[in-house]
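Alright, structures below, take your time with them.
Next come two complexes, and both contain subunit A; in the first it sits with subunit B, in the second with subunit C.
So, the complex of A and B:
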């Protein structure tokens, strides 16, 4: 059994504050140089807003008008539906493919061909066949996550040592019990990699889908795309920065927690 | 054995295509949305012949996209290796650029497209700039990791034997980091390909596979859309197998840095 986790001491708290400062300072430096360059007139452009203007635009969108949250909740709803479908179906398909040599022989080559298609390339097909609305965007998100998750689930289950499976069988563990008690935990390192890759792809697919599906009204991608029609570059900057930040946070928060609570605690991978 | 594998893999594809063909010909599937595969292939043939003998419309689209990808990947790799080496060698540079890269890297190229369209208009400038960015980030990321993993004893040995700093970079750091850089190049190529197709949807003015597919979707030409996607699959397959894998076996695998598959 591992020793108990140490209580968060002042020292580690100080270190995490220092970590935040170290993460944020380059952004502050860039913003300051950018702002000064514009104020002093070194750079002059109507299509390059100063950081202060971008911040003001953010304030207007987030607080004064509050539309930002409307965009965000629409995006996250699509992401959640599409991603969870991808997880459910992807893990099932991946497990089936890894457990049956016949299914694998039949479908793995198709799968590895389809993985290489950029998710966004499916979008025109979906726009034609499913319409210009929410369904299309959610399906794009699903496709974005599905392939990475399926592929990594399959690889993960293959990597479970044969001896472990035989030992479990010997002790009378079979069927669903075998899957949940041996195969799933054993393949978790690879599976979590798939989940992390999947959320990244799904997020990108979401943004692309929202931009190109004409009939949707809300969504962070839509916000950036629409800003083009009234030439509001500040809105674009707010949207783009938030897209980057959300992508980063999606990767580093809940899947990171899952990783820490399972494979790292069980000592399957080194702690970072 | 290999034949058996290929035959097995062909079964679902053949069934799928035959089923599609039959359902579409029998109008059980809407033939406007799901034209039969033979029609799709014929349409690709038509596009290929269009404008012949002077030029082929299809080849123009494909050539334009490949040219953009090539240009972007080369520029992205050069910039990525330079920034990556600088970050790997110097802690201050690293701690400054690392947070910026972590936040900028997950931004999809298409999200930046509206901004770049405002700045540079429709066409090659916007498309290639976004392509360069998308290839740049993975290369930086892996180059940094590669340079930081170099055994310091090698560096000291080279310095002791009188190697100048630039020589140390070229003869010690870069060869050592080659496997990492190569992984970055692979990732970069995949992302660049994806980004260029996507940006061509919105920012291309007359040529490019993305433009071809998008234009067809807007005109409800489903046959061209499916044909275009089929071509995307084939071209990427060739790029990966013929180009990347061959390059890999000629360089890092030959130098014994990775196992030859």
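So, the complex of A and C:
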């Protein structure tokens, strides 16, 4: 009996290692082919540096100079502030819209229109009204998350099965209690979709905002943008790969975890 | 029973009418001139052609809808909104998927001021009554349809409403499970002595369960006839006197079903 437990842990460990390997190996294959092609002189390229160069640049930024973390923490600070504002305000506004036919009638058309505006399109407006600094970037992040979260919260609450609401009301459940005990959990499938879309849009908006807000010094988007002054394509690629990886991990880690712990566990969506 | 013969019925329905969208030209007259008394502890079945307003009548009793005219008294007080003096069981169960079996049943109790310990104990009592021991911590999506409906029944009974309202509760079950659930419901009600208003399309189900069968006309729903079923309990489907009662209900019903088909242009 006792000997079985380690086997199980080994298996799960093996499975997650296998998962990482499966994720990484296509990148390794592509990198190896590209490296070989460049070294053997099959192709000439200025715009796409050799993987070894990118790796060396990464090492310099991350370890020798250590500036990469400064860029990263600046970016994550803006993302965190903007995104959490978007979650708080977005869920509240979405809930109000779904609960009040009057508000809904007024704002739903506006919202449906704005939800499909790429966040980057707001930037010129924000640069003029809020300046070239942090505030603008954080607001961009906020807008990136806000519309998706608001819209999906509203839709989620509307889609809570009518009979579940009636069953609760017959038990005498009303008002705020009904909202927190039935409407909110009942709308989680859609709400989490909003949170996921929201963080994706917020992350994209962040990088764009950092590139265009001239007054900020640090940020992963800034790093990529500034590299053009030094003609350093390797830095750009370090940045691009890290932006992609971070966006992927943001989606795959805590939101994925939230989804598994709630709507998948409750059978409200199929397990993936 | 101490109940006086002349005591007012638990539910009194007087000249009740319900129209949907009364101002528009798409007005639907769902119910017209309903007069009905429902006695405490009795099992009343509403039966009638599809679209005749059975669910609407149940929704009015539940307080989900408001009457257009007439009155609806529960315990002498007008029904104005939903409330825990009534329990509702839906055809699609309407369980809360994010709550366990136990959590679904305690929800109504906790919402009505029960302490956690008391609510848990009461819920377990009802879980035992509907024979779901061992499934306390299961989430609804892992249960079969019949089991879900047991949870829904336990959930509606646990907080001890005056009336249990059931809208085709077994309509989504296969015939085997359905028959079993009818027997189970009969057993539970012999234990709890609850007043029930029950909507069904099945005459067999109606005769098996009912003390009174109220046959409604095709839309607008009016009371076409009332048939009392004075058979001893527990009942069996094979009792002889059944056939006569079934015939009586069927003949009332079939006239109305034909009318409804004509209305639909069939």
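Just so it is clear, the second predicted complex is superposed on the first by the 260 of 272 C-alpha atoms of A that agree within 3 Å, B and C clash if a C-alpha of one lies under 4 Å from a C-alpha of the other, contacts with A are read in each partner's own complex, and residues count from 1 in each chain.
As a convention for this text, a residue touches a chain if its C-beta (ideal position, glycine included) is under 8 Å from a C-beta of that chain, and two chains touch if they have at least 3 such contacts.
Computed from a predicted structure; not experimentally measured.
Trainee: In the superposed model built on subunit A, check whether subunit B and subunit C fit or clash.
Mentor: Aligned on subunit A, subunit C fits beside subunit B.
Trainee: Per the overlay, which chain contacts more subunit A residues, subunit B or subunit C?
Mentor: Partner touching more subunit A residues in the overlay: B.
Trainee: Now for A:265: first (subunit B), second (subunit C), both, or neither, which partner does it touch?
Mentor: Second partner only.
Trainee: Quick one: the Cα-centre angle at subunit A between subunit B and subunit C, nearest 10 degrees, please.
Mentor: The vertex angle at subunit A equals 90 degrees.
Trainee: Looking at A:245 after the superposition, I want to know if it touches subunit B, subunit C, both of them or none. Which is it: first, second, both, neither?
Mentor: In the superposed model, A:245 contacts subunit B only, not subunit C.
Trainee: Have a look at where A:116 lands relative to subunit B and subunit C in the superposition and call it first, second, both or neither.
Mentor: first
Trainee: Applying the document's definition of touch, where does A:24 land relative to subunit B and subunit C: first, second, both, or neither?
Mentor: first
Trainee: Does subunit B (first) or subunit C (second) touch A:154, or do both, or does neither?
Mentor: After superposing on A, A:154 lies clear of both subunit B and subunit C.
Trainee: If you stack the two complexes on chain A, which partner ends up touching A:38: first (subunit B), second (subunit C), both, or neither?
Mentor: neither
Trainee: Please state the minimum Cα-Cα separation between subunit B and subunit C in the superposed model, rounded to the nearest whole Å.
Mentor: 12
Trainee: Just which bits of subunit A does subunit B share with subunit C as contact spots?
Mentor: Shared contact residues on subunit A: none.
Trainee: For subunit A, which residues count as touching subunit B in their complex?
Mentor: 22-27, 29-30, 47, 105-110, 113-114, 116-125, 127-129, 200, 203-204, 207-208, 211-212, 221, 224-225, 227-228, 231, 233, 236-237, 239-241, 243-245, 247-248, 251
Trainee: Could you pull out which subunit B residues touch subunit A in their complex?
Mentor: 5, 8-9, 11-13, 33-34, 95-97, 99-100, 102-108, 110-115, 117-119, 190, 193-194, 197-198, 201-202, 213-214, 216-217, 220, 222, 225-226, 228-229, 232-233, 236-237, 240
Trainee: Under the definition above, what is the set of subunit A residues touching subunit C in their complex?
Mentor: Answer in residue numbers: 161, 163-164, 166-173, 177, 181-182, 185-186, 188, 262, 265-268.
Trainee: Note which residues of subunit C are touching subunit A in the complex, please.
Mentor: 62-64, 81-84, 86-88, 90, 92, 94-98, 107-108, 111-112, 139-142, 155-156, 159
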